[in-house]
Amino acid sequence: MPKDFLRKSWWVNFIIIFGLLLLLPMASPAFRVPLYGKYLSFAFVALGIVLSWGYCGILSLGQGIFFGIGAYALAMFLKLEASSPELPDFMVWSSVEQLPLAWLPFQSFSFTLICIFVMPVLVAFPFTYLIFKKRVSGVYFAILTLALSLTLTVMIIGSQGGTGGANGITDFSSLLGWDVASDEARTRLYYMMLGLLALCAALVQYLVSSRYGKVLIAIRDREDRVRFSGYDTAWIKAATLSVSCVLASIGGAMFVLFTGLITPQLVGAVASVEMIVYAAFGGRTSVLGAVFAAFAIGWLKSALSEEFPQGWLFFLGGLFLLVTAVLPQGISGLLDYFKKRPTVTGDSQ
Amino acid sequence: MSLSSRRRFIQKSSTLVAATALPGAALWPVLSQAADEVKLGLLHSMSGTIALAEAAIVDAEKMAIDEINAAGGVLGKKIVPVLEDGASDWPTFAEKAKKLLQQDKVPAVIGCYTSASRKAVLPVFKANKGLLYYPTYYEGQEEDPQVIYTSQEATQSVVAAMEWMAKQQGKTFFFVGSDYIYPRTCNKIAKATATRLGSSVVGEEYAPLGHTEFSSIINKIKAAKPDWIYSTVVGGSNVAFYKQLKAAGLDGSKQKLLSTVVSENEIDGIGKDNAVGYYACMGYFQSIKSPENEKFVAAIKAKYGKDRVVGDPMECGYNAVYLWKLAVEKAKSFDVAKVIAASSEVEFKAPEGLVRIHKTNHHVWKKVRIGRARADGQFDIVHESQLTEPNPFPKL
Amino acid sequence: MSSQSLLEVHDLLVSFGGFVAIDHVNLSIQSGEIRCIIGPNGAGKTTLLDAICGKTPATQGSIFFKGIRIDSESEFKRTRMGMGRKFQTPSVYDDLTVYQNIQISVPKGQSMLSAIFNSDDQFTQEIGDVAETTNLLTMLDVQAGTLSHGQKQWLEIAMLLVQHPQLLLLDEPVAGMSLKERDQTVDLIQRISAIQAIVVIEHDMDFVKKLSGNVTVLHQGAILCEGSIEQIQADPRVREVYLGD
Amino acid sequence: MSLEIFWMQLFSGVSYTAILLLMSLGLAIVFGLMGVINMAHGELMALGAYVTFMVANVFLKIFPHSVDTYILFAIPIAFLVTFLFGMFLEWSVVRWFYNRPLDTLLATWGLSLILQQTYRTVFGPQEVTIPMASWLDGAIEPFAGVQLPLNRIFIIALTLLVAAAVYLLFFKTRMGLQVRAITQNRAIAETVGINTRQVDMYTFALGSGLAGIAGSVFTMIGSTNPGTGQLYIVDTFIVVVFGGVASIMGTALSSFIIAQLQTTFEFMTTSSYAKVLLMLIVVVILYFRPNGLFSPKVRS
């Protein structure tokens, strides 16, 4: 076991955060719980970003794409369950006569699960491996991924018969016969998700504290040198990003469970960039920070938009500035500052 | 644990405790309600990209509420509007709908503008047996038991518009729309109508939402030389489309253009001189001559300033409040099921004239009108249809 | 073609746009040899090393390492074949400790699986050894960023040593070092040269003398002459372009 | 496709080239030469548009007779305002991020959100109307059936003017020399006595000013609302990256290629497909030329 992974203070915080998230449903009205689920679904994405950006220095503005893969995969399955034996309603309006080929496998739950966990890798790895082999990195990679997520939205909206277009996929409630729309069900789901989230957080923490984590830091800071230590950095980067994409995909699936819908908006360029701020606010190298930030920002968004609708964008924009200019290590950096412990610093790229 | 990590403990936990405690309290207030008051939910985007369309609707709805309260309220209760911001974000719409129904326990909600937002809230209304009044013209293809649709669905405007255009030597049509469900559905209906009328469709183009470069599409129009251009381009794209059409010499003199998405509010953005001469088909125009309308327009201007223009969605939002009031009074109860049942065939003398909720399909019988944009941003009404039955699921 | 010698550079040409940095160079290094490459600034010394280790692609010509053609292989493959490259400016991972810097350079640990699953106090022995060889034993837990310039140079050399390369390519290893550090570096290099071949770029002639290896003089991308330091210094052409001014 | 349509389609391509070039010139300087990823570039364009809107209104109120000439004043004023605002941004935000490109990206993104909301609060969420100068209204008809919109001709002319000015500034003046020096080696540039702080500030401001001009001009053909900037930003970056950073010629060339492809695809297929196709082509080409079309080979 890597000794950083066994660090006591980390586990203390781990228990505090997840403990509180566990108590949360009891402390608030039942109909809020699905909201907390929605907030935390972004924590998965943030975990991934901590791994790929915080440690490996890859800023991907295309995480929305993979969020979308997970979300749409699950939504397609649920929609089919909801509408079978008929076609999904939006297909009927778009006069699609029979189920598109791409939809057929999503009648099987196991395939859907595989899709959520494996598809991101199949999409991300080959593509990014080639890109990284060509030494496309840093800003170029960021802009490239941004453009791709933009393109994807255009495609989804354009092919309405197959994707529900701008309306996305909505109005489904039962998962394998279980009504997941009810608050009770969603409360139960919330606990399940919390378990999965805790697992993922621990996993990521393990990865970054292992020797592999050190290699990632090395790549982030001096990729050229790492090559001369005999590492195939392109491979490592692609693999790391793939893991991050799987986490995003899981987040997407969770999002669908708790909101009961997915629309292209959440896959697009803007959404993708917003996902970065979760990791940045928590501290780009802080695993627990990511979880905390995802919850805190989501909650603030609801709260602010109820109190002063105009305030939200100001707040979000300010947050971007804050965490890049003043708090490059986010809130966890702030806490460490109080502890007077030097943190892993260095440019994000 | 070490002192430092204890400090950490205190900080992190305290923040989170706050996060968990607050939702119940300050930031998510549970409004207490007096016995002689009834809440009415208003759910629209006050921020984000769609706010530009929805903010005006809220004004009209608030005004209706004030009028009703001034006249003694509903069943002796004053209406207290509870405004929630959908923030142009569909999941947020669902979230707020849930809050309105479960926390504020409103007997009805008037809200949504885009179809996406409506689709997002439908499951919430179904699950919580809520009642939604949807005040925007839309593509139809829907008949939700929990929803009353107070504006024209696609067939009502499109069929009337196509028939009228066909009468104006409309032998060939060119369809241009933004790439999403409303235009695609409208064009499907329009195409069917065209074939029925023996006219032909010489082109059908869709531009991605937010698209601002129309020169290629305009060239396609020029190549096709249609008698009529039927446009369902929306939002910022529409502004660009009109400007570029005009600049390219398609100023409505040779090829005429009709849109089913341009009301007085849109003209404001497009620019009066860019829109002049083009046609629009709407249920309501500010220039309608009727005592109800003059009263309505005067009231709006009195409340929100004399420069305020009134468009179709505003009027439909205004009607929605009254249609709810009338249904409640007919049912003598705020109970959602009763109100829905009572809604059938409720009539209201709206600014646009009589509207009647359909016996069964939750939409409204209404007239639609075709107007030609004037230099002052108002419309000369050139055609007025009969009171038309809503037909959300047309057989094409 | 194949060859007995460890490294065989054949008719190598490297050009950037129009500019020819390495002009038809032939070079062969035997195992156990120390080869110093000298030459005035812009002679293409660093570019030559870059081409050998793969940092810069060869425009033309061929490079054989242990008899295998490598000029189209990627850097990490060449490294795995037993090449080690030290850069002019010391490049170490500032955010990691000395220990970790050396540790992630250990070839055995470089499969991702082992990097993920093996405990991180693996290879302590070897790491200790090289740290000793490079006078860093006392600093294993220091953040590399905080080391002195000279120490960084040594750390980088240490990182190379754990790779057990057969060929070390050192680019001005004593740049910015105090005299004492220089001497230490010299016998460090001589010690390791017993087991592996070394190519050193250096300006400092005393240092080159101390190393007492063969010398290759580059001038404007081409080889001017080769031989022992005495021969080189005797050579009038060299004096012209380099020593005498 | 009839001959007239062919000519007009060609013209569309050219005018779209002008549009792309005009909006990416500023970024080509800021990103290309300074390496600053300015995600708020689109919002600077929007600022230019809003300035134009205000100038137009001032004319409507004060000199209603000479309202037709407002655009001639609006463009330089838009440039001036965004130039100054650019200086302010450089001083207040951007300069803290030199050599931290990814952080710049995020910071300026945050900035763009704040600016959008500011526009929304100040000018309201709805589209603002900007009158069209009558002498730019309508189209000329060089031969029957071919209408070339005047405002697009105006845009093309203006773009050529601006591009030429930028070219001269960077390749024929001392300032240009200094900027290029800094981009190649900041440290050396400082040692030879170039005031890099000042040059940075002016360069960034210039880039912003050009965005302002673009925004001002686009009010003739596009729409102006708080979100307008978002529509342009990604395309703009694609143009610059595709053309090869640090190469103004490259930007011009890629504007041309992208515009031609886009308009042709749009004519052949649909706008949505055109966008997707174009993006795929760009990605593929970037794969084979990671540094863009015009990438200077340098000795590492």
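Each chain gets a letter, A, B, C and D, in the order it is written, and its residues are counted from 1.
Note that contacts are C-beta pairs under 8 Å (C-beta built on N, C-alpha and C of every residue); 3 or more make two chains touch, one makes a residue touch a chain.
What you see is a predicted model; the values in this text were computed from it and never measured.
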Separation of subunit A from subunit C in touching-chain steps, minimised, is 1
Which chain is in the middle, if each chain's centre is the mean of its C-alpha atoms? A
Could you grab the centroid distance between subunit A and subunit B? Build each centroid from C-alpha atoms only and quote it in angstrom. 34
What's the distance between the Cα centroids of subunit B and subunit C, rounded to whole Å? 72
Chain centre separation in whole Å, for subunit D relative to subunit C (CA means): 47
Touching at least two other chains at once: which residues of subunit B meet that condition? 47, 179, 206, 208
Which subunit C residues reach two or more other chains? 55
Per-residue multi-chain contacts in subunit D, two or more chains: 117, 120, 230, 270, 272, 275
Touching residues on subunit A, where the partner in the complex is subunit D: 59, 130-131, 134-136, 138-140, 142-144, 146-148, 150-151, 154-155, 157-158, 269-270, 273, 276-277, 280, 310, 313-314, 316-321, 323-325, 328, 347-349
Within the complex, subunit A is touched by subunit B residues 1-2, 4-5, 7-9, 11-13, 15-17, 19-24, 27-28, 46-47, 84-85, 87, 89-92, 94-95, 98-99, 102-103, 114-116, 119-120, 122-123, 126-127, 139, 141, 179-181, 184-185, 188, 206, 208-209
For the complex, give me every residue of subunit D touching subunit A. 37, 93, 96-97, 99-107, 109-114, 116-117, 120-121, 230, 234, 237-238, 241, 270, 272-273, 275-276, 279-280, 282-283, 286-287, 290
Touching subunit B in the complex: which residues of subunit D? 1-2, 4-5, 8-9, 11-12, 15-16, 19, 117, 120, 124-132, 137-139, 141, 147, 149-152, 218, 220-225, 227-228, 230-231, 262-263, 266-267, 270-272, 274-275
Subunit D partner, complex, touching residues on subunit B are 47, 49, 51-52, 55, 179, 205-208, 210-213, 215-217, 219-220, 222-223, 235-240, 243-244, 246-249, 265, 268-274
